[in-house]
Amino acid sequence: MKKLLATAAALALGAGVASADVKVGMITTLSGGGAGLGIDVRDGFMLAIEQSGRDDIEVVIEDDQRKPDIAVQLSDKMIQSEKVDVLTGIIWSNLAMAVIPGAVAQGKFYLSPNAGPSALAGKGCHENYFNVAWQNDNLHEAAGAYANSVGYENSFILAPNYPAGQDALTGYKRFYEGEVAGEIYTQLGQTDYAAEIAQIRASGADSVFFFLPGGMGISFLKQYADSGVGLPVVGPAFSFDQGILQAVGPAALGVVNTSQWSKDLDNAANAAFVESFEAKYDRLPSLYASQGFDTANLLISAVEKADVSDADAFREALRAADFDSTRGDFAFGPNQHPVQDIYAREVIQEGDVFTNKVIGVALEDHSDAYAAECKM
Amino acid sequence: MADPVLEARGLSKSFGALVANDAVTLDLRPGEIHAVIGPNGAGKSTLIAQLCGALRPDSGEVRLQGEDVTGLSVAQRARLGLARTFQVSALAMEDSVLENAVLGALGATGSPWRFWRAALSRPTLVAQAEAALDRVGLAEARHRRVADLSHGQRRQLEVAVALTLGPRAFVMDEPMAGLGSEGSADLTRLLDALRHEAPILLVEHDMDAVFALADRISVLVYGRVLMTGTVAEVRASAEVRAAYLGDAA
Amino acid sequence: MIGERVLSLGVLAVLGGVALLAAATDEPFTITLATRVAILALAAAGLNIALGLGGLVSFGHALFFGLGGYVMGILAFHAQTYTPLDLGLFEVAGTKSMPLIWLAAVAVSALVAIPVGLLALRTSGVYFIMITLAFAQMFYYFTISWSAYGGEDGLSIYVRNGFPGLNTLDPIQFFGLCFALLCVVLWLSARLARSPFGLALGAARQAPARAEAVGFDPMRLRLVAFIISGAIAGLAGALYADLNRFVSPAMFGWHLSGELIVLVILGGVARIIGPVVGAGLFVMLEHFLGQVTDFWQIWLGLILLVIVLYARGGIVGLVSPRRTGHG
Amino acid sequence: MSLILVIEQILNGVQLGVMLFLMAAGLTLIFGVMGLINLAHGSLYMVGAFAAAAVAGVTGSFLLGLVAALVAAAAAGALIEVTVIRRLYAADHLDQVLATFALILVFSEGVRWVFGSFPLFLDIPAALSGPVTLPGGIEYPLYRLVLIGIGLAVGLGLWWLIERTRLGIRIRAGENDREMIAALGVDISRLYTLVFALGAALAGLAGALVGAIQSVQVGMGEPVLILAFVVIVIGGIGSIRGAFVGALLVGLTETLGGVFLPAFFGLFTDPATATSIGASLASMAIYVLMGVVLVWRPTGLFGVRA
């Protein structure tokens, strides 16, 4: 379990060591297969803390190894031993489901920089749980809306056979108005998609929607491009993120994906973020880095307004979401999940680097389907 | 003549083209030592395996105390009172001598399904085991690990474990193998006395021991019983001499 | 050279002492770590019966660990949602009572161990290793897509289950429960190892022909050992789920099966206290190496290699070499 | 479901099987000759893929990448054989499982340490990209056909090596009687290093070939390792022929199960449930297959009888 004590105070040398007023516990994935995402969230988050120059926010970072049981034990540690006020950092929905309900029940705040399982957006919502990324269905819904806007009428849809995958297909179909040419659940962690691609080819579809995060998406896109099927593909940003696009290569060119953020979004906060992130870490920021950055800025905005020991005031300050988001407009809905624009992006090549370009807004001021079920 | 305790009736066993046993018929009567001799490859090991249940015969049957046991497993035959020793010691090498003997005594009770009181604190088992160790001359060594025993001592322990079973019949596969002359003499004395508790089917290469002990001898050659007879008869047989002793001499 | 009994009591005293000290100094996370050690040790003690006494290298004990976890998760889920659990023929109510959950976890694990054992024990050696792995993988993939109980997301239980007369939410009290169960199981397995059954099982491992020749069926001995072993791992799984208040398919994962083997070997195969030493060392390595470097698993791997190559009897074997089989 | 689709899926199953064979052949060879159960075989696959991606990335040549994969995996294999593995030949399976499990940890995190946490890029060479039209109008990716070809060629090559060469004679002798070949003056420890490196090179080759159409990432070897074990257990451990048959069986079961089980359940229930149940069962199918084979033949299809 990686432990990093990164106190902003250390940066403001000579200012005297002030005791940190807000203690943040970050549980994220820093080793093993999915470490790239956790590292990005962490780096984005720490960049914002550093830029704020505040010496009253202390961040304790631990590696959950992408294992739910480890994540729960770390959250126990953060709460019991480190006595943190705020938890954040979890990447994966299954880890989030393991940690968040227990943490918020113990009076801690949880700011989610990535996962947004539906169970926590609807009946399971909680006044101390804030999602700064998206509800899991959002990007899929936007993909459905985009499909309508460009006139797709017969989509082939596929996702891994696990809850987030089932949510993805449900989310797409919630907005998509055309026919479904075929619906496939693949195996989690599957690496060969020849069989699925053959079914796509035979299905008579006019478009393909897929949700295959991480390495699964890389494999699918490479194989799909090579198959010569050539139907237009749309998907959520997770398979077209800065971190993995380089591994997909030309196979991703021209693919449309939906995201609440893109590095070319035209607002001052984003421009500054992209520039400073690249300067500090020597790589382009990813979606996850932007979410980490926004999460930290939300936290900072609340710390500026209220004392964390006054939970009600602090909660109100968080709800106000009074910070300059890298995505432009950002507000919380009644279930404390984002209300935000979701864009359609296209994969392009800039020199040697593959990246995304915004081509339009798929859904404006989009909330989520579960807010109504949330009784807070 | 008393009914035979153990009987092989027309046992045949082939491995592919190789006929290992061809209609082998012999019996073991109360109070006797019946030796089976024959050159290497004569089918002695195959015969033992079939008698004890490790191999199913292609045809023929095995009877134990008049009952057909051909379909029974090794363990089932053991529970019916057939005790065997192995040519290559099959002992729990990490355990102590006493534990191995207690295992036999436990086998005699017919059930290993006792999970609570330690095996070594069950007086009847330990007494039985120690008596057997005493008879083979291993009483002194009872707390040593089997792995630390000499070859000869392991042979003795093999016999001791068989003793603890209190069997109806013994099948001994070359118990003298690798023993020095003194060891052989000790074991010969022990077996001599043992035949009155249960008869012994003795497969043995040590001809001195065989001639000293056997009431009857069966000569196995190429998977067939060449002849069965007393020591004198076998010694006198020209056939045996030609087929077996002749080769050896 | 320390006697095994002294060593065992000493190790348990250290584990209990660490937890008590942590309670006294208000270091609840240390108690959590100690609880983790106790529960992993319990699971490894279960595996040790199959692996150490029976010589059955099960690479699929996560199967039982996961089953125990899911029994806890499902029963508590139905209790917390006030829905009955439909078992086809009849319905049962969920429960939040630890003793009932433990009983169910042990029963379910043992019941599943019967067919799994019957099939797996037809094979031996590497085949046995792999077929046990295959069974665990089947459950892994099944639970991932079993949406009724959360699929890959797993199941969260919001409040730890209860035990009559105790406040299980208090870390030290929950530790006490796990520790007591661990002690009981270790004591039972020490008795088991010395019992007639243990003697026969040991013979079936070292010289199967001998076990048969004295009238025991080695297959049945192994099956019973496998069932007992699975039941204990199931109990540990239920406790682990309660420690985390969460179950997920990861509990069936092959990494967990591997880790359980690691714990047994680290401590010393077939040594009664071995699993506790192994679990303690493993959790400490994970905890302290992780503070030093992001790439702590490299070091963990190297340490494991050194132990396999140079300390065959595990840690317990170094401290207290074995003299006789069940010494 | 049209006949063409069925044929295409069978082709996909065969292709997956052939890839699994490359992994499984090395695994089963190492087990057959040295009696070693090597969990770290998947790590060698990963090493091959990373070496190929790194070299192809710098030089732009896929072929050089393949060479690098072979060399890197063989070198990594020889290195661990000399430092760790050879101490395990005499040990029981338990120690082998643990030690090679430890090697997985070292390799996975070591590769992450060197290459970082993000997947690497490795693409199909331009000459082999895109589909070709097969008789009957089946559009099939050329690269996958090439994979099938390479896999079959490697299979033949292995058969030739083992049946027809001096090295093969020694390998077969090593399987049967170690003392004997040592007595004949063959340097057994060099032979073992060689066989281990050969097995590692096969895994590295598979990693590089598959890496071009999949994601080159840390941990990529683990799922395929488990599949490869399923393959050799079904085929009979130590048997190259068994590995080949097992690989095809597993490849076909995996592919066809994923396609036909959902369709099968579609006959009884609504499509969404059918897809979900079908996919669940399909993911368990190969383990069920393995269970059935082992119950029927406890030492696999071509295994040596115990």
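A, B, C and D label the chains in the order they appear, each numbered from 1.
Basically, a contact is a pair of C-beta atoms (placed from the backbone, for glycine too) under 8 Å apart; a residue touches a chain by one contact, two chains touch by 3 or more.
In this text the structure is predicted, and so the values were computed from the model without any measurement.
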item: Those chains which touch chain D and also touch chain B; value: C
item: Centroid comparison with chain D (C-alpha atoms), farthest chain; value: B
item: Interchain centroid distance [CA atoms averaged], chain B/chain C, Å; value: 43
item: Whole-Å separation of chain centres (CA-atom averages), chain C against chain D; value: 32
item: Chain A and chain B: spacing of chain centres that average the CA atoms, whole Å; value: 75
item: Whole-Å gap between the CA centroids of chain A and chain C; value: 36
item: Shared interface positions of chain B, touching two or more other chains; value: none
item: For chain A, residues contacting two or more additional chains; value: 31, 161, 166, 185, 187-188
item: Touching two or more other chains - residue numbers and ranges from chain C; value: 141, 144-145, 147, 295-297
item: Pairwise chain contacts under the document criterion; value: A-C, A-D, B-C, C-D
item: Chain D-touching residues of chain C, taken from the complex the two chains share; value: 51, 57, 59, 119, 122-127, 129-131, 133-135, 137-138, 141-142, 144-147, 254, 258, 261-262, 265, 269, 295-298, 300-302, 304-305, 308-309, 312
item: List of chain D residues in touch with chain A within their complex; value: 1-2, 4-5, 8-9, 12-13, 15-16, 108-109, 112, 116-121, 123-124, 129-131, 139, 141, 143-144, 210, 212-220, 223-224, 255-256, 258-259, 262, 271-272, 275-276, 278-280, 282-283
item: Chain A residues touching chain C - in the complex, by the definition given at the top; value: 1-3, 30-31, 62-63, 67-69, 72-73, 76-77, 80-81, 93-94, 97-98, 101-102, 105, 117, 119, 161-164, 166, 185, 187-188
item: Touching residues on chain C, where the partner in the complex is chain B; value: 191-192, 194-203, 206-207, 209-217, 221, 224, 322-326
item: Residue numbers on chain D that touch chain C, as the complex places them; value: 31, 37, 39, 84, 87-88, 91, 93-95, 97-99, 101-106, 108-110, 112-113, 226, 229-230, 233, 237, 276, 279-280, 283-284, 287-288, 290-291, 294-295, 298-300, 303, 306
